[in-house]
Amino acid sequence: MTAAGATTGVGATPQTDKLSRRQVAWRLAQDIAEGNYVNLGIGMPELVANFIPDGREIIFHSENGILGMGPEPSAYEVDYDLINAGKKPITMLPGGAFFHHADSFAMIRGGHIDLCVLGAFQISSKGDLSNWSTGGPDSVPAVGGAMDLAVGARKVFVMTDHSTTKGDAKLVDECAFLLTGPGVVDTIYTDIAVVDVTENGFVVREKVPGLSFGEVQERTGAALGGADTCGDLVVPEVG
Amino acid sequence: MTAAGATTGVGATPQTDKLSRRQVAWRLAQDIAEGNYVNLGIGMPELVANFIPDGREIIFHSENGILGMGPEPSAYEVDYDLINAGKKPITMLPGGAFFHHADSFAMIRGGHIDLCVLGAFQISSKGDLSNWSTGGPDSVPAVGGAMDLAVGARKVFVMTDHSTTKGDAKLVDECAFLLTGPGVVDTIYTDIAVVDVTENGFVVREKVPGLSFGEVQERTGAALGGADTCGDLVVPEVG
Amino acid sequence: MINKIVETLHDAVSVIEDGAVILISGFGESGNPTELAHALIDHGARDLTLVNNNAGNGHVGLAALLESGQVRKMICSFPRSSHSEVFDTMYRERRIELEVVPQGTLAERIRAAGAGIGGFFTRTTIGTPLAEGKERREYNGQEYVLEDPLHADIALVKADLADRWGNLTFRLAARNFGPIMCTAAKITIVQARSIVPLGDIPPEQVVTPGIFVDRVVEVPNPGSEREMIERDFRYTVGDGV
Amino acid sequence: MINKIVETLHDAVSVIEDGAVILISGFGESGNPTELAHALIDHGARDLTLVNNNAGNGHVGLAALLESGQVRKMICSFPRSSHSEVFDTMYRERRIELEVVPQGTLAERIRAAGAGIGGFFTRTTIGTPLAEGKERREYNGQEYVLEDPLHADIALVKADLADRWGNLTFRLAARNFGPIMCTAAKITIVQARSIVPLGDIPPEQVVTPGIFVDRVVEVPNPGSEREMIERDFRYTVGDGV
């Protein structure tokens, strides 16, 4: 809960007490099942697509009417009629499809998307998600598809730093910011832990070996379960 | 209102006191404007497609997901994946399109169909339409798309014999049968008259010259306006 | 590797349980998954509720399924037709329940189920006996009734082309209820005329994206319902496998 | 002969009146009817309400229209972007109203308007400030809010191919809001990259049937919004005609 943890946590064994964003993406990617239809939120979640294990076939959905997104295009292939929800150029895999926005959100709202991965400002121990507005007086409110995804996707993974750049906890008892959806988050993948949202609140499934359970708890704004059962969050170096 | 009129009306000048069904279809077709999107109900209304004036381009819609129906196919062209709402084989004009049932009824319900032509058991002077069920104890209720068309199409024309085969009036003060839609009918094309449904009830626009206004009134179950203004319903011989 | 293709009609329908609500594509004689319906007779699941625009023709497909005694209830818009003798007889003998839904409301209820809509207001049926007991609301001076989504356990759908991801195209007007039914069932089972390699269907021409499809079985020469009726086809258990 | 083709952008937008609610297709930089938006600047209709997923990029198209002062209100899901400086500034200076609608609800409200639906229930926004004041209802233990259709006077849409009946196709992901917006406006105005003879678009590949389209103008080489932003494009009145 103090700023110290997040800003001084890079010690002698940097790979084991704090993951890079790409490593968080790698870890999350391991938990996506073969054949899943997956929507990756804008920003950090987009990294996940790079780390799907070889031979595992996943179909990526984008709100703007795309199924079957492939890897980033070469400079030569870039076509601005073919962009993802983050407005970045993409490519299509064989088997992809285009459709209009109402059909795209029918997929989301109708429970056809197996998983979405979202960023977060805060997540509460009840699974409440805040990721669209800090509610500040000067902020332009912008919600996009996050509220639809939060309630519509069968599973919601959150990918986030465990603390803000100021060192404030992002996993909390009650979200201080405006909600995106109540009770929607299933699992949170942070730079120091994998945390499941359960009926009994947050339960740490894995933590980085470089931090004690107490140190993870210290950086968290709500009680954490799993002290006796949690495993090591070990991720290879990823380029 | 008596049986006599309908059954004995075929006299010395058959072309002027009672139209054939094809003649009614011809008359109705004259009132369809260039560029209209038109849905023709099953049965008698289907005849209308044969009598669109030369050079007038009309686009025919079918509930089962078709715009741009063309003439009947030759025996050689028949394909049972290409049928209309009446389950009859059709052809497509250049410019036609296929779409699914929800989109097809979005066209109907959303007010995009300019005109539909329906058959009727009864029509009331308020424009109520009964055309789906006599409510008899042994009848299998079957509504199809008639209720959607009745409320959704911008204009509803009814094409019907003026009286039943038993000689009962079909234009009445109140429908005795179950309603398809209340206050939906704009104009009725029968074998003896063209009758508009107005705020003041039925107004005869045209009647066959072989019958007096009184004779038309006699065969009608509600008061008719237009005695002083109605024109002659004259239709050429149509093959 | 994602592979939604199953080898036999028998495998395709093997997941159907007693009591299932089953959407069956087709309108009149076009787009009916006749071979899947026959396989379901062999499969034997009972106490079914079927949803189709009509109520079967001749003794083929849906009509054969009705005749087999496996169906408790029919939800449709137009059960009457020149070849609906099986349903007509069962209905008059009170051996089957019937829910009549206007065609557009039927389509929209199916679409709403697939799209995660809780309910919707429509003007259709206002002023008619089919609006009785339904909640009403006025919009811009016109009355609307509230209709519920129509969710299903199973959809049986006939398509033209399919690939191993379950992407589909439909032939001509055989499209009709297929695309929306694919969206509204827990398990969507498709018979396709031809299974093509992934990528053969251009992404702009996919009509039903594979996300709405669970199982695909190839039926290269589906029977013509019209011809089967003309030769007074009768289904014999076991023929479909 | 039905002919929805108009010769100039100026003719295409000539029917737009002051106070109009205007749907504008596009998502990010794809599918934006940039040339129609510029023609609307020349046309000069004022007090407009615009509906788009975003709120314009750079000083191009929709953003140029905002900058012209013709727009009273913006309805969108995501007004913030790396190039949304025009909207950002106007919003902070309270020179424009904003209604934020979740993207899926925006799409469904547009679709509902086009399909004649009076209102629909969705789970989206439950538990959030955007659900405040909205009617709620429980289905299967989950809360839903009632949303209204979003009707418009005008839709400005960018398509790929079009014919004289107004049938349309869309290129790649530039489809996005185009097809539903075509259905929801009293008058739908389309700029197409290419106008083709009737029948060139196979009936199974038509994405938007012409029934939803009123006017089509050919714009063979529409500007790339990305490139226009990179060269700091500014619209000068009269350039669009």
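Here the chain labels run A, B, C and D in written order, and each chain numbers its own residues starting at 1.
By our rule, contacts are C-beta pairs under 8 Å (C-beta built on N, C-alpha and C of every residue); 3 or more make two chains touch, one makes a residue touch a chain.
All of these numbers come straight from a predicted model, not from anything done at the bench.
Engineer: Taking CA centroids for every chain, report which one is farthest away from chain C.
Structural biologist: A
Engineer: Could you compare the number of C-beta pairs in contact for B-C with that for B-D and name the larger?
Structural biologist: B-C
Engineer: Would you kindly tell me how far, in whole Å, the mean C-alpha position of chain C lies from that of chain B?
Structural biologist: 31
Engineer: As a quick test, compute the distance in whole Å between the mean CA positions of chain A and chain B.
Structural biologist: 59
Engineer: Measuring from the mean C-alpha position of chain C to the mean C-alpha position of chain D, what distance in angstrom results?
Structural biologist: 35
Engineer: Among the residues of chain C, pick out those that touch two or more other chains and give their numbers.
Structural biologist: Within chain C, residues 108, 111, 115-117, 122-123, 170-172, 175, 203-204, 207 contact more than one other chain.
Engineer: Touching two or more other chains, which residues of chain A qualify?
Structural biologist: If we look for residues of chain A contacting two or more partner chains, we find 98-99, 102, 105, 108-109, 152.
Engineer: Chain contact graph: line, ring, star, complete or other?
Structural biologist: other
Engineer: If we use the touch criterion from the header, which chain pairs count as touching?
Structural biologist: Here the touching pairs of chains are A-C, A-D, B-C, B-D, C-D.
Engineer: Using the touch definition from the top, list the residues of chain C that touch chain A in their complex.
Structural biologist: By the definition above, chain C touches chain A via 1-2, 111, 113-117, 163-165, 167, 183, 197-199, 203-204, 206, 209-212.
Engineer: Once bound in the complex, which stretches of chain D touch chain A?
Structural biologist: That would be residues 27-31, 53, 77-81, 84, 87-88, 91-92, 98, 100-108, 110-111, 122-130, 170-180, 207, 224-226 of chain D.
Engineer: Which chain D residues qualify as touching chain C in the complex?
Structural biologist: 108, 112, 115-123, 137, 139, 144, 169-172, 175, 203-205, 207
Engineer: Quick check on the complex: what are the chain B residues that touch chain D?
Structural biologist: Listed in rising order, the residues are 34-35, 37, 55, 57, 59, 61, 67-68, 92, 94-99, 102, 105-113, 152.
Engineer: In the complex of these two chains, what residues of chain B are touching chain C?
Structural biologist: Where chain B meets chain C, its residues are 62-66, 79-83, 85, 87, 98-102, 104-105, 108-109, 128, 138, 140-148, 151-152, 178-183.
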